[in-house]
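Mind looking over this structure? Questions follow.
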Amino acid sequence: MSTDLYQQLLATTTGLLLLTAVLQVWGRSTVRAIGLLVLQGVALAGLVLTVGLHAGEGSAVVVAGLLLVVKAVVMPWAMLRSARLIGVTREHSSRVNPAVELIGAAGLTLLAYAVSGPILGNRTDAASQAVPVGVSLVLLGFWQLLVRGSAITQLVGFLMLDNGIAAISFLTSGGLPLVVELGATLDVLLVVLILGVLVVRMQAELGHIDISELRELRD
Amino acid sequence: MTIASVAVVLIQLVLAVAVTPVLIGVMRTTRARLEGRVGGGIMQPWRDLRKLLAKEPTRAPGSTLVLTAAPILLVASSLLLCALIPLASTLALASVPGDLFVVVSVLLVGTVALALLGLESGSAFGGMGSSRHMVIAALVEPTVLLSIYALSVPAGTSALAAIVQARRADPASLLNPVSLLAIFALVVVVIAETGRLPVDNPSTHLELTMIHEAMILESGGRDLGWLELGSWLRLTALLGLVANLALPWGIGQDAAPLTLLVGIGAITVKVLVLGAVLAAAEVFIAKLRLFRVPELLAGSFVLAFLSVSASYLVF
Amino acid sequence: MATLIWIPLILPLLLAAVSIVARSRSWTLWLPVSAAVVLLGVGVALVLAVGAGGALTTAGGLLRVDALSAWMLTVVGSVAVVALWGGIPHRTDRTRNIGSFASLLCLFLAAMSLAVVADNLGLMWVAIELTTITTAFLVGSRGGRGALEAAWKYVVLGSVGVAIAFLGLVLLSAASSGTGEPSLSWVVLLAHAGGLDPALTRAGAALAVLGFATKAGLAPTHSWLPDAHSQAPATVSGLMSGVLLSVAFYAILRVQAITDAALGPELMRVLLTTAGLLSLAVTAGLVITQKDFKRLLAYSSIEHMGLLALGAAAGGPLAIAAVLLHMLGHGLVKSSMFVLAGRILGYTGSHDIADVRNLLRRRPDLGGPFLLGTAALLGFPPFVTFFTEVAIIIAGFQRGLGWQMVVACGLLLVVFAGITRNVLAMTVGAEADPDAARTSHAPLDLPARFRQIPIGIALGVSAVIGFAAWPLATPLLAAVTALGGAR
Amino acid sequence: MTVLTVATNLVDAGLLAQLLLGALAVVVAVVAPARQRNLLAGALIVTAGIAAAVTGSAALLGEAGTGLQVPVALPLTAPLEPLVLAPDQLGGLFMALAGIVVALAALFGIGYANGPAASRTGWAAFAVFAVGMQLVPAAADAVTFLLAWELMAGGSTVLLLADHATREPVRRATIWYAVMTHLSFLFLLAGFGVLAAAAGGTSWATMAAASIAGPAATLAFVLLVAGFATKAGLVPVHVWLPRAHPEAPSHMSAAMSAAMVKMGIYGILLLTLRLLPGGPRWWSIVLVALGAGSALYGILQASVQADLKKLLAYSTTENIGLITTAIGVGLLLRSSGQFAVADVALVAALLLAVSHAAFKSVLFLGAGSVLHATGERDLDLLGGLAARMPWTSVTFGVGALGAAALPVTSGFVAEWALLQSLIHVDARADRLLAIVIPITMGIVALTVGLGLLTFVKAYGIGFLARPRTPAAAQAHEAGPAMRAAMVLGAVLVVGLGLVPGPLSQALARAVSAGGVSTTGGAGLLLGAVDVVLNPVALTLLTLAILVPLVVVNAVLARRHPRRDVDLAWGCGGERTSPRMEYNATSYSEPLVRVFRSSLQATQLVDVVHHDASPLLVEQMTYTQETGDVIEDRLYLPATRWAGRLGDLARTIQNGSIHRYVGFSFAALVLVLVLVAL
């Protein structure tokens, strides 16, 4: 793979990641959020493939395929199923003003760029230049968790956070050992499944999935 | 323990017992004359005492040993004071020097005996007298210790005999501020400890004002006799102490019979004159309300405190 | 000997499978207990083996047991024995899905064992995240709104926290790329600590500690803990408090060892003292007016984790040895306390402190051990917590954390006051009719006595191990050395 | 050092014996049948106490132990040094003191303990407490000290809870006690931490050898003095005393008050004489101020209490205050170069400590005997006990004499020594001394005066007069074990007062003071200041006066025997009811008036008028209440603030997951910024 193409692909996939992340924050529809997640999964898989092939690792294909299946197919499918099961397609309420939400997102992206520089130190290669995108994804995912009230949107935020970490992982060190990578992916998948189950139980037990209403346990 | 000092103790004891009724008689007569009365005569207290000691005491159900013991303890403590305080001579027992803290504690034993007697009867008056008596005793305590402390600083010792000796050897120290303040404070103490005006009125039986009399109200006969004797001896001892501290002349300093005789004569005169002066002064004073007494004592405490500070800062 | 390492990983998995198959038979409840006993046995055997011949590795270096791992395995095993044995419900209280409950407990034990024997930090992370997954169902197993809420909060906050830890590990791995192949092997990282990229190590270690601190229940990321502990069944609360928190803290210790070697102790000191003092402060603030006794115990766990953080911040052989010993002592006592809390809950039917009165008279079998356990939690001798607390504070002063230790002492007093007040409110007090209360309790029957045994053992052991120069001093020192020696 | 070599050294053997006896007592307390438990466990604890007395005396007289090492699981790396029990001379003194008090209290407990105090837990806790307390002064390093200290604290807390099921205030008292005790512990822990950090080791020897100075020394001094003061019950950290002492079983109160608080004194001495000698002058001023303030405040509160045990508790604060004052004066004089007088002050401090241990044991045991006999400890409901409980009455009276510092008791000797040290200060060249010493003297004198009133009240109201309630009227004498303990204590009070010479000489060794010698077999000669006190001679002189008086009185009594009357003097009428008597509240009423503001006194007169006319009074009720200013001004606001903070803190955990995520998020952002900076 030529350096130019590598840089081009890197830019495309990371750009796509950031775009989907911002769109996540912008949007209100649950179904669209899950759709964006699929897109994000695809972009992530692309990123992995790019980085892996550039480094000349054959196993990258396997990992990319695995990520594609889990992040772009299985998880969105599971979430969509939960959402359908409880009949929620649109988020009812946001806890903060949408403008604030977006300004916050912008600020966090800036923060991501600001802190990434010092953290990466003297690394100047193309992949490292893209790391702030991953950090943005982490922070924006967290931001989703913080400002959204619906259980499913929280789940989306969590996955975005996880995608960000995966992106950073591949951009900085070309990924972790396969066994760890497998274990980590499996863990995240299980967490998503559990949370999906809990969402369904929540709907059954409480009649809603607005987690800001979950305030029985307190001091 | 030399024979001489034992002799001095014996002489002081006998002297105190002999002089005390006279002292009381003098004081009462002085007061009566100044008030325009005839009075009972100088020997009247002596006759009272003899009469009381020969009479039977009473005992109410539920009374304890305190009823008998307290009067005798009072007398014993007063006699012990007379033995320890340098009255006729500054010769002291080697193993029991007239240490001022020992003297004060012996005085307090008498105070406590009286207070317990007041409570023993279980009557309201006894308790009231005892309570007031102890409050005054407690508040007097700082003045007592501080004033003697002030006097002991120049002498460098707490033995009364040594203090008196030092003062006699250096007459200039008698009139300096330390000494004057301390002696004045001590006089207030003596008045409070012996229940004289303006702290207590020894001749009243008015329920709201009496202190000493309230405590001994339940006692009669022999018990009362001891109590009266004990209180009077206390007055003698304390007046003797003040007299010897303020005017240390005449007190004997060795065992020679002549100096002892002079000492006996000097202390007798000093005590009687002081008693008369006190009695005369009492004519012109009204008793203070009980709750004004602390103010008086606080004032005397300040004097004593100043005298201690002065003794350090002036030198 | 290295094959020993596989036993605590494989056996619980097998037993989990057996429990699933056996479904609701009541003997399945004993399977986790036996797994824990085996864990303890293996732990002790490994302590001896490591003491004799140094660290053992297997699975191509992926699994490695050094003195610290062996110690942790022993801690996990012993605490789990107490929590699981003591937590076996009374015959009348048993629910239908015993089988799956037991299998989850077995899986939890396997995950915990994996976490402590993994040499690769990534694998350790996977194991710790697995515990989130297994305990998620356990926390929610009681059903009902509260359990659901607790489970949701637990999974979301826990997973997010652990994800941050993963981010940190990723950066650490990147930091090691300068030394050749990027690696997450703890041994490799420690050996090449000097060659790690400082900026990335700094970021990676800080994030990893932040993430694991969430699981360890350190403030400010402690929020899931009181809810999860109060809603989970007694056994699970005991396991989480005694084992899970300690294992998460173990992960922090491992990361700290690398960072201290690479960057010096300042970074970890700042992070851990902040977390420690904040944890103590949170506990101090929330135990004063606490109304729920299981939450009270949960906050007490936060306090103890805060103490551990302060000890780790202080560093040095004495403090680290005290931290490791404290894990054992606190785990034993806290798991018994949660077991007792579960029984008190069964007796009164309420979580409220206000509903529990004069236990010492009404139920001496609960009130007595509860008071003793409280004394142990508060650090009274002869319990081991006394020694470890004293050692941590003194070592803190010696290592230059003077004012932090003074603040910590102040906060400990408030915690003491809050816990004492609430526990005494539950256990003692005047009865309108003392005789009636005295006669109301019958002597314990045999099964009840049997259920008292693990609590008695736990409290007894925690009372004597403080004095156990033999056999504990050597393995403790070995564990400290394994962590980087006398820094 | 192994167990086998122990037997060759008396101190080591004694320490081991105490440990074994304590452990045995715990075992016996648990396994012995209820009927024999008091006797067996009590006897073992008495033996342990005697062992401590012997060991301590041996150590005081210069027999050094080789050290008994306590095993510990933690590695002995810096700064932790081996945990060793090896009392020095000062420690020996306090160990002996604790041992004797424990023996008396346990002996009393054999007859006294009933109900929960006689339970398995009760006796086991007492054994733990006793042995822990005896070993506090044996510790040769900070960790062992804290270990013994906390065993003592834990055991006493458990015993304090004994009567929780019958009296509601017990729980509150226990909470106060536990919290204040822990405050003390944490102060000590922090203080020893500072010292260990500065010296590089935890043993006393290392700390002393390091000659710590500067800010570390100051910090350590402040922390440790605060810790020891809390245990000793000095104002303003005295609040647990008047709550815990009344609620504890009486033998426990005696042990706590007579011995446990002394461990605070031991600590102050250890700190100022051994660990940080030669500190700046203001340290001693702090001690004098603490001590004098506590003495005055304590006795003022004691004098107005009607609850006998509360009165005794406040009196403990007073005595501890006097001891601290004496220590402060001693240190002040040392720093002024007046070593001879300083030695007198330090010996006076020890004499005060020993004497307080003796008379306070007797007083609390006596109070226990009264409580046992009547079920009351409120003086207003007692009275007339002297006739019904002669043994208790006499022994309590002796104790009260000691507390009032009247001759010839140990209390008198101690106070005499203190006053002697004060008046022999040469303050001429030193303005600070010229101010401090007279003020101290005044406060000590006022304290002595009020002490006199307090104990006249306690004895006179409680034991003399007529019973005020049926309970008091039906009082009975205590059993043999209780009587024996009280009598032994009373013998100590008088005995120590009669032979102060040898005692003071022994005490002087503990603080390596010179100028103390024996004169005339038993008398005390303070050579440094050239004063002598010979209580035996004083007693002989008194007898020489008293015997003739008694003889005369007997002769007179034979001639005119006493006449029994129904009523001695009834104010012209019949004695209506015991309610007419002066009681404890009325006794202290004048004093309350004098010190109204500092006692926070409220007096309320409630008059119910007759229906017929407002001029006729049907009923009058007088209520007088006194408060603890320090508690009201310091502790109540503190607890209120704590409650408010607790409410505020609850917003941290308000149930909102978004808030929780926010905490994590904030932490993440902060950490990112931190590592990027």
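Note that the chains are named A, B, C and D in the order they appear, and that numbering of residues resets to 1 at the start of each chain.
Going forward, a contact is a pair of C-beta atoms (placed from the backbone, for glycine too) under 8 Å apart; a residue touches a chain by one contact, two chains touch by 3 or more.
Predicted model, so just to flag it, every value in this text is computed and none were measured.
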Task: Distance-maximising chain from chain D - centres being C-alpha averages - done: A
Open item on the list: Roughly how far is chain C from chain D, centre to centre by C-alpha average, rounded to an integer in Å?
Closed with: 42
- [ ] Would you kindly tell me how far, in whole Å, the mean C-alpha position of chain D lies from that of chain B?
- [x] 35
- [ ] Quick one: report the Å distance separating chain B from chain C, using the average Cα coordinate of each chain.
- [x] 77
Open item on the list: Roughly how far is chain A from chain D, centre to centre by C-alpha average, rounded to an integer in Å?
Closed with: 68
Task: Contacts with two or more other chains, residues of chain B listed in rising order - done: none
Task: Contacts with 2+ other chains: residues of chain D - done: 649-650, 652-653, 657, 661, 664, 668, 672, 675-676
- [ ] Would you please write down the residue numbers of chain C that are in contact with two or more other chains?
- [x] 152-153, 156, 160, 199, 202-203, 226, 286, 289
Task: Set of all touching chain pairs, with the criterion as stated earlier - done: A-C, A-D, B-D, C-D
Open item on the list: Residue numbers of chain D touching chain A in their complex, please.
Closed with: 649-650, 652-658, 661-662, 664-665, 668-669, 672-673, 675-677
- [ ] Under the touch definition given earlier, write down the residues of chain B that touch chain D in their complex.
- [x] 1, 9, 13, 53-66, 68, 72, 75-76, 79-80, 83, 93, 95-97, 99, 101-102, 105-106, 108-109, 111-112, 115-116, 118-128, 130-132, 134-135, 137-146, 149, 152-153, 156-159, 217-218, 220-222, 226, 290-291, 294, 301, 305, 308-309, 312-313, 315
Open item on the list: So in the complex, the part of chain A that touches chain C is made up of which residues?
Closed with: 118-121, 123, 138, 142, 145, 151, 154, 158, 161-162, 164-165, 168-169, 172-174, 176-177, 179-180, 183-184, 186-188, 190-191, 194-195, 198, 201-202, 205-206, 211, 214, 216-217, 219
- [ ] Going by the contact rule at the top, pick out the chain A residues touching chain D in the complex.
- [x] 95, 111, 114-115, 117-119, 135, 139, 142-143, 145-147, 149, 211-212, 214-219
- [ ] Provide the residue numbers of chain D that touch chain B in the complex, in ascending order.
- [x] 303, 383-384, 386-387, 404-407, 412, 415-416, 419-420, 422-424, 427-428, 431, 433-435, 438-439, 441-446, 448-450, 452-453, 456-457, 459-461, 464-466, 519-520, 523, 530-534, 537-538, 541-542, 545-546, 549-550, 553, 556-557, 559-571, 575, 578, 580-583, 586-591, 593-594
